[in-house]
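Written out below as structure tokens is the structure these notes cover.
Here the chain labels run A, B, C, D and E in written order, and each chain numbers its own residues starting at 1.
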Amino acid sequence: MRIPFIVGLVGLAVLSGCGSGTPAPSGDSNTTTTPSATPAAPSGGNPSVIKIVSSLPHTGSANAQIMTIVNGIKLAIDEVGGKVGDFTIVYEAWDDASPERGQWDPAIESANAQKAVADPDVMAYIGTYNSGAAKYSMPILNNALLLMVSPANTWPGLTKPGVGEANEPMTYRPSGKITYYRVVPADDIQGLVAAQWASEMGCKKVYVLHDRELYGQGIAKMFQQASGPLGLEILGFEGIDPKASNYRSLVTKIKQSAPDLVYFGGTTQTNAGQLAKDLRAGGLAVKFMVPDGCFEDAFIESAGAANLEGNTFITFGGLPADKLTGKGAEYYANYKAKYNSEPQAYSAYGYESARAVLEAIRIAGKKDRAAIAAACGQIKDFDGLLAKWSFDENGDITTKTLSGNTVKNGKFEFVKILGQ
Amino acid sequence: MSNTEVLLQQLIIGLSNGMIIALIALGYTMVYGIVELINFAHGDLFMLGAFLALTVVGALGLDAIPEPALLSWGFIPLLIIVPLFCATLNWSIDRLAYRPLRDAPRLAPLVSAIGVSFVLINIGLFWGGLRMDVFNGGVAAASPKDFPWIVSSANLLGPDSNIILTWNELLVFAITVPLMIGLSVLVKFTRLGKAMRAVAQNPTAARLMGIDVDRVIGATFLIGGALAGAAAVVYSSYNHTIYFQMGFRVGMDAFTAAVLGGIGNLPGALVGGLVIGVIRAMSDQYIATEWTNVVVFAILIVVLTFRPSGILGATVREKV
Amino acid sequence: MSLLHVDDVTMQFGGLTAVNKVDFRVERGQIFSVIGPNGAGKTTVFNAITGVYEPTEGIILIDGRPGMRPVTPRTILGIALVGVLTAAGFTIALNLESMWNAAISANYIYKQPFAWGKAIGDALGHLRSAPATLTLLPAIAGLLIGVAGATSVWRRSRRSPDVVARQGVARTFQNPRVFHQMTVLENVLVGMDTKLRTRFWHAACRLGFKHEHCSSVEKAMAMLRFVELEDEAGAAASCLSYGHQRRLEIARALASEPKLLLLDEPAAGMNPSESVDLMELIRKIRDRGIAVVLIEHHMNLVMGVSDRIAVLDYGNKIAEGTPDEIQACPKVRKAYLGTDLD
Amino acid sequence: MPAGGIRRILVLRAGWILLAIALVLPVFDSFLPREFQFAGLMRPIFILAILGLGLNVVTGYTGLLNLGLAAFMAIGAYSYGILTCDIYPYQLSFWTALPLTICIGATAGIVLGLPTIRLRGDYLAIVTLGLGEIMQDTLKNLDGITQGTQGINPLPAPRLFNYQFSPENWIPWYYLLLAILAVVVLFCRNLEHSRVGRSWIAIREDEIAATCMGINPVKVKLLAFSVGAELAAMSGGLWAAYLGSTGEPGNYDFQISIIALCMVIIGGMGNISGVLLGAVVMIGFNSILLVKVTTILAQKGLIDTQNVITVPSNWKYMVFGFALILTMRFKPEGLLPSRQIKAELHEMDEDRRALKKKAGTK
Amino acid sequence: MSEGPLLSVQGIFAGYGPIEALKGVTLNVQRGEIVTLIGANGAGKSSTLMCICGVHRARKGSIHFDGEEVTDEKPHSLVAKGLAQVPEGRKIFARMTVLENLELGAYLRKDVAGIKSDLDMVYTLFPILGERRKQLGGTLSGGEQQMLAIGRALMSKPKLLLMDEPSMGVAPILTAKIFDTIRELNKQGMTILLVEQNAHLALKLAHRGYVLETGEIVLEDKASSLLTDPRVKEAYLGDED
């Protein structure tokens, strides 16, 4: 009785590695790889197949958003018929979240990066969703000169020197080459634009809150830094507990200092909805501004449309899907036709990053990691969703189009284009 | 706002939050008192109660009422259905996951409770994916859900008052206080209450008195579950946001309250809950929001240094 | 000086007096019995002697010393140290971030050499210039909480059985309390704990560990032989019968080489012939120079083995004397033995 | 009883069997088709097994329920990060920083244990649980020191003689971590069979009886608590070195403590081989099996993005939860029988050897 | 009501884990008699009682009570059928008052008047309990607790009273009093199964006796015969006289 049980469980754990299915084409074992300054890409694989993988958190709270990003990527690949030149493009969506985290997991993200490096067919890595996750995979992928394009990372330090920590971004580029690109404007731009917008609306005194997460705290700091020169008075800068059941005490404290606007650097998942509600319930009828982490339907759902109506402002590093023109409008129509649903905010960036990858493969014209990564940097005046864009010397997209949105009748409503 | 007004307002907020915490803490403390199990699943049971409450609100169309009356009639079905559901669920969990482990090593039911907690969290996730309007068609299953106002949010002290006191706060007290009194009466004076105390003190002797111990423990889980259900209704209508992972934090606050007051002690749970609620409010106001959790636990540690059995807990003298 | 002094000891539990002004003395090498009806407070007296309970009033001296941690300069120093450390901890905790900024962030330039001296100076300078609310206030609060907390914690653990045990008092329990998950041999080795010198790192790295281990195992085996349990040495203690568990408890207690051994109803659950063996064992223990205090209901055993007997009733000592005196005492006969001793 | 022999070997020699399997695993693994290779994923198991062994000292041996072990892991990771990262002036190497990390962990264990260690069972549980939660808050709030949610990176990988470990090549990592784990196992085993381990177990079994034998319960518990903290800090430091980053403070949350607790209890309380097996089962299940299943299902296209129920990763909690419940239902004392069974088999090898030696000399 | 013994135990086996505590115990108790079960500690006396009252489950064998098979019944239904036990070590609810303890004895009864009169009966039997009815059970002395335990068992109006070591740890003077009470109860018609360490006292009191050794009944006879049986004398009575 005892033995079969133990053996069974151990067997289960062992078998987990074996799984079932057809064996993949065999190649050299990666056990022979020797570490050296120059990357040694694993050889083998199928010469006519190029694999693109994405590493995004499929579990947990961001799931709905992620699914539309994956759909966006698939849409871009389908549009080229799954082929670039002679190469067949294969796409795999990897998950970098774990069940016990409920969000991205550092161990899994770095395992994903290592897995991608070890697979000779993988030529591009789309991800990550969270800037924190990118910090794990970037050095690993960079060392292998594997192209990485992020549809959602906004932490400025990932690409821009002098904004983040002292050792950023060099620390993510052990090979010295740039292999990481992103198709979204970074938070320093969004923070600045948000502060400008607040000032334009006539606000003088601002209370800044953040969720003490990488994204939220970062953007709140950018907002704070931009406020000074614009003459906005910062009444307070405080981190909230995203798991608290309500913020009424905090709202009472804010009320005492009588601000014109409350800025919250945070996301739907870090309780932006609850904060909005408590501001209203606490009788604080001020403007409430949030960044693009809240630019998803879930924000309105969780805050209750009535609590946001009219005095909530959301900045977003792009245009809402239905405001797109040209190439963007085409994407929007195709997406709706194919998936029979509305894309969420970041879906367009999933689509855009996949297109950037395909373009890089086209320019390189061969199945070679270093060549493809270098080719991506050469993308210039690309016909993007918003406008023509290029990658700058840091790997950042050149478009700086942001939109200001508000909530009307329970839906996001586009107000104006910011930062132009 | 004057400083006195701020203090008063924070007291109101702290006591309301504390009452809700206390209501959940009662569930912990009752179960702990009788089977010495930290019921990790209790917070998640509470979470499912909140999801059921939202489902009922959706099914009854309560969310469609634009400006709710003083006390919406919808409250009554909520207060019946949700506790009933939580009580049944809690009882079933005990029956299936804990009862077989009564004679097992002490930590086995604890791990089982953690397992149950995971299962409940997962059910909560799926529940959030229900294709109902209140769940927004289930597209974003994991996102926080808005719980509509079913009680008037008008300020009872008049629209110009700086201090806000609404039916929501009063309702917290109006539901919690009678429940606590009722519970004390039940434990002190009824036949079931006596049986519960007997089982807590000496299960074997209780058995020899003709008390069906399993049934009494089941009844304790039933009552604890019902309290969690009531707390879920009160919490949802007071805070208006529910999400599938909220059980852990709320449960931890409640368990801290139970320990602070002295675990196994019913008035202790109330005192612990109120103390924690008020400390939270005061720390938010006078220290800093980001340090509030640290302040709460620092105070817990200091209190336990001086009173190792909690504020109202009796010193247990081990029989040698 | 007697080995054990129990002077006017009173124990109260929540208003109920379990033991009321009990006093007796036990001399070296004596077998002393405490008898009395259940609930008369015999076990409570044992618990007071061994430090499990703290007597409400009265003095207990073992070899002339009270069975609790003494207030030494070290204790006071320790409490003061905790206070000072808490004060320092509070102050530093409140200023940690700004001190770090002043010392490290301000002085360290990425990948440049770092001036440690200046950094420390800056940190202290920062602390000196900080407002009193951030330095003095937490320091005073920390000192108060630290000293009060340490005193409260120390006071609670002042009278602890381990202090008494280290003074040479060992005991057994009314219901045998052996360590079930250990082997019989390990149980005895636990009893020897106070005599062993192995330190943590020695144990972890097995430095000079073998020698002591072997000699202690040898001693433990001798103890087991003494109580005739050596055949069970490798068995799990939980597998022993009730009577064997009692003997194991005695072996474990003897392993600590006590001056005084307290036996709490050692014959409970034994039949008359086993009781006779036990009587023999108790005498053998006495012959090793160990004084024995006995709680027992088996009158034959008590009368046969004791040098002196004290009788408790409702927490009061009603008589003390030799077995013959006790049997003759009318008060005892009335309260305890019953008028016809059959 | 023919199965008795096998059972006996399994019980008594489980540690050696596991070690032998672990040594040859990379070789075996290299024969598997690439997409089914898993030995590289074993490294987190080694690191978390150290955490499990730490908890085994606190909870398994001494019986103190510590639900906040993640706090000490965080202390370890951040100490290692601050001591090694080049944005701080310390910049120590792996081999200096790791022992320092361990010392910091042990000190933290003593400081935090001092006021709380006397609390009885479940009070200690809630205090440690709270500790685990506020440690995340503290690390986030002190962002001037810890970089808050940025995490400290990059952290240098160890260098052994002239060999530089790197994330791309997992084999040296595998053996390094295996070697460290083996040392920790040896350390725990030595303690278990010494005076120290005996006093821990005695305190767990019967605190009053143990104290009456002269064991100072506070000292003994505090020692166990700080050894647990020390091992947790060690695993935190290794974790940070392995990932090259401390990660966010939020990564060291209750889930980590729970996984450690489940390892200890599912494996078998107070039994080193049990904890190792528990680590293999828990982490293997969690980070290898579930991940592989999800990938396979995703490849088969069985995922409907619009329906929460059809996404396999959404079932992870459910599977995990039921696995815990069912294991407790059918093997409440853990997968590997504990010391108790060993004792019943009359095989406390340590004492027995000593006994034999005595018999020989006489 | 059926004829035959009130309680009949047929060849029960029981144990804890691998240890077999009972190996085929068979005994009968007729209405109105006092039967005693004597034996050394660990012989299985308490295990037998625990099996009879359903707290412990028998692996094999059958138990009949009042003509009904009750082998697999739960303790509470056995109490309802008229079986009460005075457990070893008394097992008083220490943090409840004497009155509450007695009320719990009548937990399954619904007849308010009957409970009232039985309460008076217990108070007359043990006047000290009446005096201390508001006191917490834990504050009573050992002998008083034993009385409370007996009183509590009587409150369920049992047909058969199982008593486990009523003399254990009680002063000799109180032992005599308690045994007098048992005799008195029996005279009023109560059937009693008494498990006792003190074989001498027990055999003097009982009508019949069984001797239990390592889980088996080795002797069964009239109590008076057992008292003079040389084997019993040697093993259990020793030099008591």
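Note that in this section a residue touches a chain if its C-beta (ideal position, glycine included) is under 8 Å from a C-beta of that chain, and two chains touch if they have at least 3 such contacts.
Quick caveat, the model's predicted, so the values are computed rather than measured.
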Exercise for the section: Please list the single chain whose C-alpha centre lies closest to the global protein C-alpha centre. Expected result: D
Problem - Selected interface, B-C versus C-E, where C-beta contact pairs are more numerous - result: C-E
Fill in the blank from the handout: In terms of mean CA position, the chain most removed from chain E is A
Exercise for the section: For chain B and chain E, let me know how many angstrom lie between their CA-based centres, rounded off. Expected result: 44
Handout entry: Euclidean distance of C-alpha centroids - chain B vs chain D, Å
Key = 33
Exercise for the section: Could you grab the centroid distance between chain A and chain E? Build each centroid from C-alpha atoms only and quote it in angstrom. Expected result: 75
Problem - Touching two or more other chains - residues of chain B - result: 139, 141-142, 248, 290, 293, 302, 305, 308, 320
Fill in the blank from the handout: Contacts with two or more other chains occur in chain C at residues 13, 52, 110, 149, 153, 156, 173
Exercise for the section: Check each residue of chain D and list the ones that touch at least two other chains. Expected result: 86-87, 115, 118, 137, 140-141, 208, 258, 306, 308, 314, 316-317, 320
Exercise for the section: Sort out for me which residues of chain A touch chain D in the complex. Expected result: 2-3, 5-6, 9-10, 12-14, 16-21, 23-24, 26-27, 29-31, 33-35, 39, 58-59, 63, 67-68, 70-71, 92-95, 97-101, 105-108, 110-111, 113-114, 117-119, 132, 135-136, 139-140, 143-144, 157, 164-167, 171, 212-214, 217, 239, 241, 339, 341
Practice task
Give every residue of chain B touching chain D within the complex, in rising order.
Solution key: 32, 36, 38, 97, 100-101, 104-105, 107-112, 114-123, 125-126, 128-129, 138-139, 141-142, 248, 252, 255-256, 259, 263, 290-291, 293-294, 296-298, 300-302, 304-305, 308-310, 316, 318, 320
Problem - chain B contact footprint on chain C (complex, rising order) - result: 13, 43, 47, 52-53, 145, 148-149, 152-153, 156, 173-174
Problem - Touching residues (chain side chain D, partner chain B) in the complex - result: 59, 65, 115-116, 118-120, 122-123, 125-127, 129-131, 133-134, 137-138, 140-141, 208, 254, 258, 261-262, 265-266, 269, 306-309, 314-318, 320-325, 327-329, 332-333
Practice task
Spell out the part of chain B that touches chain C in their complex, as residue ranges.
Solution key: 302, 305-306, 308, 317, 320
